[in-house]
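Read from first to last, the chains carry the letters A, B, C, D, E and F; within each, the first residue is number 1.
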Amino acid sequence: MSHPFEEFRKKRQQGNEKLIDTKNLVTKRFISLDKQAYSDGALPVETKELMALTASMVLRCNDCIDYHLETTVKLGFSREQIDEAIGIAMLVGGSIVIPHARHAAESLDFLFEEKANSSN
Amino acid sequence: MSHPFEEFRKKRQQGNEKLIDTKNLVTKRFISLDKQAYSDGALPVETKELMALTASMVLRCNDCIDYHLETTVKLGFSREQIDEAIGIAMLVGGSIVIPHARHAAESLDFLFEEKANSSN
Amino acid sequence: MSHPFEEFRKKRQQGNEKLIDTKNLVTKRFISLDKQAYSDGALPVETKELMALTASMVLRCNDCIDYHLETTVKLGFSREQIDEAIGIAMLVGGSIVIPHARHAAESLDFLFEEKANSSN
Amino acid sequence: MSHPFEEFRKKRQQGNEKLIDTKNLVTKRFISLDKQAYSDGALPVETKELMALTASMVLRCNDCIDYHLETTVKLGFSREQIDEAIGIAMLVGGSIVIPHARHAAESLDFLFEEKANSSN
Amino acid sequence: MSHPFEEFRKKRQQGNEKLIDTKNLVTKRFISLDKQAYSDGALPVETKELMALTASMVLRCNDCIDYHLETTVKLGFSREQIDEAIGIAMLVGGSIVIPHARHAAESLDFLFEEKANSSN
Amino acid sequence: MSHPFEEFRKKRQQGNEKLIDTKNLVTKRFISLDKQAYSDGALPVETKELMALTASMVLRCNDCIDYHLETTVKLGFSREQIDEAIGIAMLVGGSIVIPHARHAAESLDFLFEEKANSSN
């Protein structure tokens, strides 16, 4: 059986294909803008990803959290750094964020193990 | 194995039965008011359902989204029209709504296929 | 002394000028997309405005409410119709929406009086 | 010049009159249900008011906070007890609740001073 | 197969162990503060738990709801009392809370059955 | 007449004094934790402030936005960099964030003018 994070990846991929398949221009342009936004500019992409992770946590969206955790790990942030971002999000968003911090901890275990294995 | 949307329907039905079973008058009256509200008045029920769908999306409640998708499909809205409503919701509610738009796309595939089959 | 709604209009206008003045492409494109979205498509602009009004109420944003009230009055919706939209928003969003419904009632008094005067 | 809390009371009163003036049945019934809900039942009205105060704080609605502060002071809760409720709300809702806790502290100063004066 | 509530308990326990395992001081202190907060003070712990349950419902967090339902049942509240708290939460938070009230009803069935069995 | 931002500063200062004046330990510890959190750790304080600004925008809290704008300007971020953070927040949080972006633009005009004057 695959890990929940791998399930998330597959489901996200399938959903995105369905979503982009729409003829609706507002959705198409919104998603295109969303892709452009996370690139180096006046602020580096690394900072933008941490900002999006924090926003995802205080807005309590697990799929958004998982996506930005995957990106921040890929960009090279350490577990300690990401845990610090989660701490700030918990403080800003309150104890209602705790279940999402639990979810994030589980996803991070998977992502750092995957990274360790792939670099062997 | 049944489709996730059919699971949602069954679970929703069971949950509603449990909920209505309460002796609590506030809950009973609230649910009764909720039923009365979605009927023709100064505005047609179709418009009210689209409004409720948009609200469900920006408040990011998948069960609410699924319920109002089911109703809007039943009322005769086309996929293109519902996709346009989803586009507005995404714009108002932001990229945090995207996972719910993915969910909606999957539910709509099911609902329109079911409709096509039933009209054969 | 001017009416609070006129103050809102002036402040909104000034704020928008400042906002558009940015060199930030994401903001520029987002605001441009926001303008395109409210036009006739598969759904008429009237329906989209009511959807945006409902979303603004359940997300409890007075400036957004005032803007969409202005537009819905301009598009020809009656007080009774807009009040019905507000009723749906209150039901979906709960009693926490009541202060915003009070605000909306005050804005609507102003907008319909203004409309009556201008058509004389 | 009157205290901000007195302004709130006047504005709330005026707004409620406008709101109840609607012919919209959903709004009328919702507001009537809202009045019935805060009375003794399986739980005493005191507990319900503290619950509503907490909900108002985590949903960050100053008008709702002020209303429930007024009621909890009237019901006889001490400053220490209400401050404890505010502490729980801050913990659940996070640092984003702090500005509303500042607002509540100001309202409570007014309400307890008013109570002290009226009982002389 | 175990009941969904038992799955929640197991998953929550595992997640908390992962979470506390962090070296991040903000998270550690936040979670420690969260534990201290729910004890008798100017207000009894019972009232605080009902407040937290209401907050969890209007913020629509099922894991938080389940946790506070478990505690309120353990503290001796009756089904009728907890149902009344749920009614208040639905009124404050709106129909968007209904799916969470359905979830709560299912959890309460489990918790009260478990309690009945354990006291035999 | 003083600028709205100066009014905010004065009101915030007064409110904080009232708030800290409480004997409630949960509030005291929460506010103390909030102060400790924004310091250099695994992530630099600059990044944490941008994260908190983004969170404040998507949660739509003007007082929180103003506070973190003041800090980010003091820490040396350029207007272009802060505008980019605002763009990300708008994208994540949706058009409902626009009124807060207008507010932020006005505050930034004040803060950068103040900085220019003080460095002369």
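What we mean here is this: contacts are C-beta pairs under 8 Å (C-beta built on N, C-alpha and C of every residue); 3 or more make two chains touch, one makes a residue touch a chain.
Since the structure is predicted, the reported quantities are computational estimates derived from the model, not experimental observations.
Annotation of chain D and chain F: jointly contacted by A, B, C, E, touch as defined at the top.
Think of each touching pair as a link: the shortest run of links from chain B to chain C has 1 of them. Graph distance from chain B to chain F, where chains that touch are one step apart, equals 1. Of all chains, the one whose CA centroid is most distant from that of chain E is C.
By number of C-beta pairs in contact, C-E leads when C-E and A-C are compared. Mean C-alpha positions place chain B and chain D at a centre distance of 33 Å.
Look at where the CA atoms of chain A average out and do the same for chain D: the two points lie 38 Å apart. One inter-chain figure worth recording: chain A and chain F are separated by 24 Å, centre to centre, where each centre is the mean of the chain's CA atoms.
Among the residues of chain D, those in touch with two or more other chains are 25-26, 30, 33-34, 37, 55-56, 58-59, 80, 83-84, 87-88, 90-93, 95-96.
If you sketch which chains touch which, every chain touches every other chain without exception.
Residue ranges of chain A in contact with chain B, taken from their complex: 12, 14-16, 18-19, 21-27, 30-31, 34, 55-56, 59, 61, 63-64. Looking at the complex, you find that chain E touches chain C at residues 58, 90-97. Within the complex formed with chain A, the chain C residues making contact are 25-26, 29-30, 33, 36-37. Residue ranges on chain C touching chain B, taken from their complex, read 33-34, 37, 41-43, 47-48, 50-52, 54-56, 58-59, 78, 80-81, 83-85, 87-89, 91-93. Only residues 60, 80, 83-84, 86-88, 90-91, 95-96, 98-99, 101-103, 105-106, 109 of chain C touch chain D when the two sit together in their complex.
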